[in-house]
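Shared chain: subunit A. Partners: subunit B in the first complex, subunit C in the second.
Now for the complex of A and B:
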């Protein structure tokens, strides 16, 4: 079972929900931090990192001895990563999306693959909770290939909890697609509602069931609640704007550890998700 | 000598477009005869990315020795450099004026890009 924790707006509490749900469920779950541009779930879960793996994506390498400068490679490249000028072929590797098109169309077999470093995967665990995060190389602009690698490294036998990046663009889609459930974390503010609507539209395109956690639920106004009702989005948990929770967070402490009554609430949150998935015909994964 | 000039329109009296990769037209002008070829650059105007790279490759194919434009980014500059094309940036006014300036030798060639790459 894969549960992806997303939000439109940043800073609503995705990581808080992901880590606390993982801790409430305990051994047997695996937490994936897919916010590879600024991973922070490890600061709260505090796993022991056991190993790291470098991740590369393929980019073209042109053999100028075989090249006839026919330009078929640069013509097919939608991202203009190749330029044929005079007797040179320039490769702008940061523009390359690794589709392999240039290699496929080269009539001379002059193009082979080499790698561009995307970043790292870190593997660890804490109290039987598996942990994987991705860390994008500083300066790298493309995060979806690394997010896909984080997901590919997950153990399919375990319950997978994904801490997704904010927004609604390609990185979020990479962290949500193929999930059995999307848990949207929002807050009852105009910004929260605006970005939630965008994120829900994206989830609907993916056809994945979705529910809400409303964080800092007693601030702002009632418009997020009204929207949820109108759109038939179940509100599965509300968390009040509580100074004690904020203080614990600021020290890197987790809600379920500091306030034991919350452990059950997070377990119940998972049970509600499980029921929705079962009613929809069950998880596509273990 | 053939000079490429980025332009908002298809004539020598058109205003120079400050953008290189995404200029609507690029005029390839022969400085001796003032005969010119109009290149419709609309393919690059709508490019996802790398508009400057492809515009630079095209300018090279047309046999231009110099590019006159407003701004030139790092990838476009690298491509032009590989093709041996010199760049005169920060150009404004009409295409005709730009050609006049270069014929009079009153230009300074750029040593590098004068615009950041953008994503």
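Now for the complex of A and C:
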């Protein structure tokens, strides 16, 4: 079962919900931090990192001895990542989308592939909770291929909880597609509502069931609640604003550990999600 | 043209609320919302759209079933798993590389350009604003960010503005890279949490990588004063100017609910003074006045 935790707007508490749900469920779940630009979940789960793996994407390597400078490679490249200038073939690594087109088109077989470092995958665990995160290299623009690698490394036998990046564009789609359920975390403010609407559109495009967590539920106004009702989005958990929670968070402390009464609520949150998935015909994965 | 870009690494630090407050303080500036993926600045600025244009991003493959002979070449070549066994292209997965288009022996694959969003030039009560809306699930956000920044620059030059104030996107990936290249200075808004400081370090690394000077201010500093001090120490160590601190103040949320900036909501408060002091620091900073002469005085109302 894959549950992806998302939110249009950043800073609504995605990571808090992901980590606390993982902690409440305990051994047997796996938490994937797919916010590879700014991974934070490890700061709260505090897993022991057991190993790291470098992630690369293929980019072309041109053998100038074989090259006839026919320009077929630069013509096919839609991303302006190749230029044939005189007796040189320039590869602009950071623009390459690794589509393999240049290699396929080269009539001389002059192109092979080498790697460009995207970032790292880190694997760890805490109290039987599996943990994987991706860390995008600073200066690297393309996060979706790294997010796909984090997803690919997950253990399909376990309940997977994904901490997704904010927004509604390609990185979020990479973190949500193929999930059994998407839990949206929002706050009842005009920014929260506006970005939630965009995120719901994205989820509907993917055709995945979703529900809401409303964080800091008593700040702002009632418009998020009205929207949820109108759109038939179940509100699965509300968390009031509590300065103690905010302060605990600032020190890297978790709600279920500091305020034990919350453990039950996070387990219930998961049960409600399970019921919705079962009603929809069950999880596509174990 | 001077441009300050307000970013935060982590979302939800109050970046957009502060950008709006700065906009209320600046007299002769152009506003630019470069957070095209989840643009919120317009909710406080209520822009009146003067001009609107489509944003055409990349192309996507489209197979014409009448011409397709099901040879399978396209499926073999597509590295993004975007073509189904029934020879249909999944538009969300298609990366727009065009490899299938070029290799299809029957020329059965079209490659129509996609409309990926729209962008606007608007008037607001604080001056002109350039903003955009990226379509849902779209790629090319970096390209759209570059476009709105370019338009904001042209507009600022045309109108003789003193500077551009840009609300940047969260993260450190493609849209952020597109939003900081060539900026005069970055204002990094951090909240005093373990994740806030962690994300700030990554943004500071990014600023250093692209050689854009950074300045930092801590929002909601009283939630964790020790962490605030740690952030300021880190900033100094990394050669980042410390602009000041803003208290945790529910007035930010309340003014947001009313669609106002902090300076238009309620009575003057200590929070306002803190924000004003930070803005003054920004205007007077060496990064904004490279010749050593503070010539931006006129931009404080």
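We adopt the following convention: the second predicted complex is superposed on the first by the 286 of 286 C-alpha atoms of A that agree within 3 Å, B and C clash if a C-alpha of one lies under 4 Å from a C-alpha of the other, contacts with A are read in each partner's own complex, and residues count from 1 in each chain.
Heads up, the rule we're going with is that a contact is a pair of C-beta atoms (placed from the backbone, for glycine too) under 8 Å apart; a residue touches a chain by one contact, two chains touch by 3 or more.
This is a predicted model, so every value here is computed, not measured.
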So, does A:283 touch the first partner subunit B, the second partner subunit C, both, or neither? neither
By residue count, is subunit A touched more by subunit B or by subunit C? C
Pick one for A:67: touches subunit B only (first), subunit C only (second), both, or neither. neither
Based on the superposed arrangement, let me know which partner A:99 touches: subunit B (first), subunit C (second), both, or neither? second
Under the stated touch criterion, which partner chain does A:86 make contact with: subunit B (first), subunit C (second), both, or neither? first
Does the superposition put A:76 against subunit B (first), subunit C (second), both, or neither? second
Check whether A:165 is in contact with subunit B, with subunit C, with both or with neither, and answer first, second, both or neither. second
With the two complexes superposed on chain A, say which partner A:12 touches: subunit B (first), subunit C (second), both, or neither. second
Taking the two structures together, which residues of subunit A meet both subunit B and subunit C? 78-79, 141
So in the complex, which bits of subunit C are touching subunit A? 9-13, 16, 37-38, 40, 43, 58-59, 77, 79-80, 92, 95-99, 102-103, 134, 136-139, 141-142, 169-177, 191-196, 198-199, 202, 205-206, 209-210, 223-224, 227, 248, 250, 253, 256-257, 259
Interface with subunit B, subunit A side, in the complex: residues 74, 78-81, 83-86, 88, 90, 92, 95, 141
Contacts from subunit B onto subunit A in the complex sit at residues 47-51, 53-54, 56-57, 60, 75, 78-79, 82-84, 119
Applying the document's contact rule, which stretches of subunit A touch subunit C when the two form their complex? 8-12, 15, 36-38, 40, 43-44, 76, 78-79, 97-101, 104-105, 136, 138-143, 165-171, 173, 177, 189-191, 194-195, 198, 201-202, 205-206, 219-221, 243, 246-247, 249-252
